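Got a structure here, written out as structure tokens. Questions coming.
Lettered A, B and C in written order, each chain numbered from 1.
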Amino acid sequence: MDARIGIRNTKSILFKGLIVFLAFVITLPLIVVLLYIIKQGIFQVNWHFLTHVPAPVGETGGGISNALVGSLIIVLMSSVVAIPVGILSGIYLSENPHTKLAYYSGLCVDILQGVPSIVVGIVVYFWIVKPLGTFSAISGSIALAIMMLPIVIRSTEQTLRLLPPSLKEAALSLGVPYHRVILKVIVPCGFAGILSGIMLSIARIIGETAPLLFTAFGNPYLTTAITKPMETLPHLIYTYATSPYDDWHNLAWGASFILLMFVLILNIFTKLITRKWNIQL
Amino acid sequence: MEHTVVSANKFNAWFGDNHVVKDVSIGIEKNQVIAVMGPSGCGKTTFLRCINRMHELIPGATAKGSLKLYDDEVYTMNPIYVRYKIGMVFQRPNPFPNLSIYDNVIAGYKLNGLKVAKAEQDRIVEKSLTSAALWNEVKDSLHKKGTFLSGGQQQRLCIARAIAMEPEVILFDEPTSALDPISTSSVEQLFHELKENYTLIIVTHNMQQAARVSDKTAFFYMGELVEFDVTKKMFTAPSDVRTQNYITGRFS
Amino acid sequence: MTKNKRLDLSYTQMKWETVFRRILVIMSVLLLLLVVGILITLIVQSMPSIKSLGIGFLWGKIWDPVSNIYGAYPFLIGTLLTSFTALLISVPFSYAISIYLGEYNPKGWLSNLLKNSIELIAAVPSIIYGFWGLFVLVPVIRTFEAKIHIAPYGVGIFTSSLVLAVMIIPYAASLGITLIRMVPSPLKEGAYALGATRFEVIRSVIMPYTRSGLFAGVLLSLGRALGETMAVTMLIGNTSTIANSFKEIFFGPGNTMASVIANEFTEADHTVYLSALIELGLVLFFVTVIINLIGKRIITKFTNH
């Protein structure tokens, strides 16, 4: 009898050991990747690196200003499209949870969340690149906006659903019309949750490469023309990482470091907001 | 009856197929405190929410019959305008958590986009808070968030918010059921002062409260208005056996 | 005076109210149109390929655009092999994380740190995993392959699967953590009261209770793996011919549906070639969407219990 209990306890302890080991060992690859990117990238970054375009093969120096500006413009344009559409759709879904339209729209959000990013690239190629006859920053922004949408919609919907209905009643009983109740009371009260969803979606798309391959394409020169091909950080990394030149690899390491920092900072900010306001996403 | 403010004539309300208010006819006079009581599910809250057309905001909710504010049919008026005229205070204090005490009081103007000069705003805030017996407690912290106040203070803030719109009638939906006894008595005292300027309709499940604060009491049972009379008479000599049963505690 | 002002205002407000409600509806309809549009675009653009290649496209073994021969088999195999290998590697880890953070250590700084790290794994862009893999992992694998006497490519299906395995862990893990935390404590206490050990409670109470939900998490991971493009494209070697033995296929270079689209889409110079690539995208779309929807369905069912 005692022996059996001993065996059962040992089993339990061994199992816990295994679980703890597996749970922690998986952070190793993450740590290794992060440290490696930092080690390779941090010394590439200086003022010159941030303010110059990539140098041609054989020349030293050069930077990633074209990709920085490009990523900024494209992410900005995506946000301008995706944030209003996303918030308004999220409001609709949280306000009318039982309509048929809400059911099918919700289904569409789930579908969008699962669409492989490369497929979005294909579709936007036919919607915008082909009609315009050229790769362009606009098409890249639309592709990324489509990637952003489901995240913004779901975070808006979930945040607003958690707000107590008494808040809405308070405003309505003062004669406040529906649109003002939503825009002046409900949205401001759920602001932190919506904001963290937006930041999360930006963190997600800023590193997306696949949808840009056939849309924004890439451009070795600094440009702000949104109807022309434009470079972005992840696309620059892809092009230069897969090239055969060491100088270009270094450029890509530097760009990776910058991209990683963007993503980390956005994620930490999101965490701080959600913790401060106690939001579950 | 020349001072009738709110009157209903064969008024009915439904949730889907569920007939919750049945053929209610009532006339409520100016500057009185009316208590509406009855067992839960008797339609008293639904009736209250019909008066300022909050009932229809619930999907599937419908209403039929005559319900008047003075001589105007509430259900043909603009619902927004109805709610300017008829304020409401809810079961749980619900100040806007993102607004300061000051902004909470003036919220009816700001959220509606009604433009009011700063001096006028100050005047409205002070007057409303004074009427709600809250001014002395909060005058030094007007720009703190309203959610820092105690439950009773929050409820009085909500009353101030309703008063600020200068309504004719204020509806109270079990206004003290979420409050402790001390806060409850502070809100109840307020009713006596408020009735000088407003007509108050208070839904309550608490008979003692109805007896304490009201001039007249309406008793609802199974969606019907069973009896509506002077409170004193209602509690001493009710004319309907159902009222008597309820008052003597024979329903639950 | 104020009375009239308020009455006027209430009428303008009513108009805006209607406008606003209509905008909300329009936005939601827009979503529907977006998804329908994606589907229609993919189908229409796949038509040339579907018409000229037929259903045999899916199991044609040869992909040779120069000779105008298109068979999707190598990519189907590549996709399935990388995804399921990655899944197989990742599942023990994601289950371990779920159990550890859901049951053993649900609170405190260590728990938070680990949870944030796991979420960070999903936040790092896939291009960065690909880049790192290319320069760090590939040489390691090459040495390893030389040691076990197979052609030391370094890149290939196996390498991609390893990186993919790490990338998809967070999707199953974060859902698993939430689900295990939802197990009602009376259930667990009942078992403890009978003298069960922690392991026995996990095995015979927690696991059966959360099984369907954890499976849904694995499906979400699988959906990610199937559609993942950049890291795989950089590590898989991009070869469209398929080797003879399983060992050569598994360790050798290959291609997935996503990676072949990424590599060849802008080079596809005639209609059927381009259309065949889009048809791959269409297949990928259907498979990932269905897997995701099944996963989501299971989760809704589970959380509504």
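As a working rule, a residue touches a chain if its C-beta (ideal position, glycine included) is under 8 Å from a C-beta of that chain, and two chains touch if they have at least 3 such contacts.
For each chain, UniProt lists the protein as follows: A = Phosphate transport system permease protein PstA; B = Phosphate transport system ATP-binding protein; C = Phosphate transport system permease protein.
Quantities reported herein were computed from a predicted structural model and do not represent experimental measurements.
Among the pairs A-C and B-C, the greater number of C-beta contacts is found at A-C.
Located most centrally within the structure is A, per distance between chain CA means and the overall CA mean. One simple way to say how far apart two chains are is to compare their mean CA positions; for subunit A and subunit B this gives 48 Å.
With centres defined as mean CA coordinates, subunit C is found 15 Å away from subunit A.
Subunit B and subunit C, compared by their mean Cα positions, are separated by 54 Å. The residues of subunit B that reach two or more other chains are 80-81, 84, 112-113, listed in rising order. Multi-chain contact residues of subunit A (touching two or more other chains): 175, 177, 180. In subunit C, the positions touching at least two other chains are 10, 13-14. Residue ranges on subunit B touching subunit C, taken from their complex, read 78-81, 84, 112-114. By the touch criterion given at the top, residues 10, 13-14, 16-17, 19-21, 23-25, 27-32, 34-35, 37-38, 41-42, 45, 92-93, 96-97, 99-101, 104, 114, 116-121, 123-132, 134-136, 166, 169, 197-200, 202, 223, 226-230, 234, 258, 261-262, 265-266, 277-278, 281, 284-285, 288-289, 291-293, 296 of subunit C touch subunit A in their complex. Those residues of subunit A that touch subunit C in the shared complex are 8-9, 11-12, 15-16, 18-27, 29-30, 32-34, 36-37, 85, 88-89, 91-93, 95-96, 101-102, 104-105, 107-123, 125-127, 146, 149, 153, 175, 177-180, 182, 203-204, 206-210, 213-214, 217, 234, 237-238, 241-242, 249, 252-253, 256, 259-260, 263-264, 267, 271. Interface residues of subunit C facing subunit B in the complex, by the touch rule stated above, are 5-7, 9-11, 13-14. Contacts from subunit A toward subunit B in the complex involve residues 98, 164, 166-167, 169-177, 180-181, 184-185, 188-189, 191.
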